[in-house]
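Think of it as A, B and C in the order they're written, each chain with its own count starting at 1.
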Amino acid sequence: MSKAVPVPPATKWLEPQVLTGAQASAHAMRQAGVEVFPVYPITPQTPIIETFSGFVADGKTDAVLLQVESEHSAMSAAVASALGGARTMTATASQGLAFMVEVIHQAAGMRAPIVMVVGNRALAAPISIHCDYSDSMLARDSGVVQIYSEDAQEAYNLTVMAPRIAEHPDVLLPVMVCMDGFTITHSAEVVSLLPDADVADFVGPYELANAMLTAGQATTRGVFTMPDHFFTLHNRMTAATETAATVYDEVARDFERRFGSYLGPVEAYRMEDAERAIVMMGAASGTVKEVIDEMRDAGERVGLVVVRLFRPFPRAALIQAIGQTPHVAVLDRASSPGTYPPLFVDAFATLLGAGDIRCYLYGIGGYDLKPQTVRSVYEELKGPRHEYIRYLGPSEED
Amino acid sequence: MANETVKRPVFRPGGVVLPTDAPSPRTGSWRSVEKPAADIALCVNCLLCWAHCPDSAVVQSEGVFKGFDFDYCKGCGVCAEVCPTDALRMVPEEMDLMPGGFLPGTGGAHVE
Amino acid sequence: MASLKTLARNEEEQPRFRSGHSMCAGCGMGAAARTVLNSIPGPVVVVGTSGCFEVTATRFPFTAWGVPWIHVAFENAAALASGLEASYLALKHRGRIPDEPVTFVVFAGDGGTYDIGLQSLSGALERGHHFLYVCLDNEAYMNTGVQRSGATPFAANTQTSPVGSRGRGKQEQRKDITGIVVAHRVPYVGQCSTSHLHDLSSKVERAVAVDGPSFLNVLTSCPTGWGHTTGDSVRVARLAVETRFWPLYEVVEGHWRLTHEPAHPAPLQEWLELQKRFSHLHGSRNVDLVKEFQRQIDEEWQELKRRTAADAAWFAERAGVTA
């Protein structure tokens, strides 16, 4: 069970209902006051835009829905709309995200505060419609903020939080809220929503300085630079990505104050005296938590650190959560062929390679992470360290 | 190309630029061979030169041809080619002209 | 139809595009863009594509733009315009901007229109956004050093369709972008030239008056890429029109009309001779290519004449509305 489940003051939340992650995030986008929403369908994001389109059709939102002809155009329209002066959000996955990568980098460089909801899905080839993080990893070096949800409730809470992070004057970057394709997007869970007015009050109005249509003077955006100016502007963007860590904290604490649920940059699960820990992101951490509970009942000191904020990477929070835990397994759900995968690289570098930190790849192309596999990881952590990467997938003979 | 030396530029998020941020580079420095010159007696204020100049370097005021802005004129010669009355011609760069680019002895800019 | 004096007064009041840019001397785009901008009443917001027009006008920290301008990538100007229009509607709806018209204008090159930008253009036209899309067509990827595009004329020598011991220039006929745009059933389409600025200005006025997308394809000469002298910039564009290679016409709600008919069509060779990109066609060289080029021009002209004749009655009925 994730920390997203409301605790007092629970009276603010509406009665729990059965919603998929896609539906919950569509509600969050509606409530957070999206004004322009360019959409292009791709599995497993489609229920997000379909739910939202239903809101438009029933007059529950007066957002302008822009049914563009490709994801590249969706992100392009989003950049123009956000910089024009309207709160803008979009959603995509997999090949769609890949198609818009050029514009994601441009959005970050042009400092466009866009909320992007991603239903994580593996990149082709071969074609897969199932979850891994290869798609969002395409944007990990762009400067955008990336947050990974564990379940539908987290997807909702984080999407509500996202515009405040994106639009903060010291950030002004796209914020990508990621959720496992199908596992979160399509699975129905018990989810509590907040009342419209509370979300509207939490998020506030969209106020972008020097927006194209509201600045009252001519603004030029999307300029050509020579090396010295590019370097300076790029540094300012990366500084903003770093600042997003502080802003994330502020927004998460404000969300906790108002609504009683805290979703920190990492979540330490039963780490207090853990001897063996897993570090991972996303929905499969729910499975790991269940295995931990069983193993703890049997006296095994195992724990989990869920990385929620992936960009900017939560270095201090990870170091604190790991503490003195001697044996750590990092489970990646995206590969980087020819070398170590991304979460491992960031975690290893952050922990300065101190101690026994091992690299695993799981869930590629949606391959399920089974409880017995999780147990076997914890078992292996008792023994000698393997070399390089260990793959938690089907054997060649299967 | 000789640019104005600019003070340290204003860096706004995303590199947003305002028109007042930096002076326009004086592209008149591109010229080396020839420049336009006007014989005001032949000018009928059709403003075709003004319209066709790629660099907005033909000066007019209230529909009256006033000469050239040599700070920005690149010497392309389009104005001379489009002039329907042969009032404009290209002359060597070093030739002395009256202020605004008028041929000596032809009367200078239109008087109001 | 606005006179040049009116356009001049407009520019005096608000110089929307200013001096100091680094377009080549004699570039045809400067006059075309200024004419378009000075012909539009009311506030204007401009969208650009990557290319000569973008790079030369916005080298940080300089900008030639006196109106709001945005550029993001090569292929997405029409998508940007769509997003801006949506933003405008959202802001108006919420009272964050006054309820007054704003004209969204795209300036795109031929690369960003005929080729890489075709998808986003098609999408924006199909959705019916209220914007004016102006293609500044210099007939190749000029900013990257003169490589062929779908707009490059038949037989033209470019860096990727070069003339050599085997190569004889571009072997494909120029893409009929206007036909593609007309097929989207948009209210107004025009083909224009930087040599005929009154014609261009009139078409801009008609274009921005429609309720929906409008498209203008403006031939803009390029001394660097076409290989003519800078002073010949307008003459070359004029001859392109007079040879009937680049007819001036408009399509109003799907009905075709010539806006200029050359009284005495100029010989093709007169136009080819001015341009080094056609030097392998000069004199009596590669006669078969010249013949094929002429055949294409004649065929397209005949088709244009057929359409304009068929639609003459429609315009006659509306006489007075489209003056």
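The definition used in the following text is that contacts are C-beta pairs under 8 Å (C-beta built on N, C-alpha and C of every residue); 3 or more make two chains touch, one makes a residue touch a chain.
Computed from a predicted model, the values in this text were never measured in an experiment.
Undergrad: Looking at mean CA positions, which chain is nearest the middle of everything shown?
TA: C
Undergrad: Which chain's centre, taken as the mean of its Cα atoms, is farthest from the centre of chain B?
TA: Using the mean of the C-alpha atoms as each chain's centre, the farthest one from chain B is A.
Undergrad: Where are there more C-beta contacts: A-B or A-C?
TA: When the contacts at A-B and A-C are counted, A-C has more.
Undergrad: Based only on mean CA positions, could you tell me how far chain B sits from chain C in angstrom?
TA: Centres of chain B and chain C (C-alpha means) sit 25 Å apart.
Undergrad: Could you state the distance in Å from the CA-based centre of chain A to that of chain B?
TA: 55
Undergrad: Hey, how far is the Cα centre of chain A from the one of chain C, in Å?
TA: Chain centroid spacing, chain A to chain C, equals 43 Å.
Undergrad: Where in chain A do residues touch at least two different other chains?
TA: Within chain A, the residues that touch at least two other chains are 83, 110, 218-221, 223, 225, 229.
Undergrad: Residue numbers in chain B touching 2 or more other chains?
TA: 9, 15, 17-19
Undergrad: Give the residues of chain C that touch two or more other chains, as numbers and ranges in rising order.
TA: 58, 60-61, 63, 65-66
Undergrad: Okay, in this complex, where on chain C does chain B touch?
TA: Listed in rising order, the residues are 4-5, 7-9, 11-12, 15, 17-23, 25-31, 34-35, 58, 60-66, 194, 197, 223, 229-235.
Undergrad: So in the complex, the part of chain A that touches chain B is made up of which residues?
TA: 83, 109-112, 172, 209-210, 217-221, 223, 225, 229, 232-233, 236-237, 240
Undergrad: Inside the complex, what are the residues of chain B that reach chain A?
TA: Within the complex, chain B contacts chain A at residues 9, 11-19.
Undergrad: Provide the residue numbers of chain A that touch chain C in the complex, in ascending order.
TA: 35-36, 38, 62-64, 66-70, 72-74, 76-86, 88, 102-103, 106, 110, 212-215, 218-226, 229
Undergrad: What does chain C use to touch chain A in their complex?
TA: 45, 47-48, 54-55, 58-61, 63, 65-73, 75-76, 78-84, 86-91, 93-94, 96-97, 102, 119-120, 122-123, 126-127
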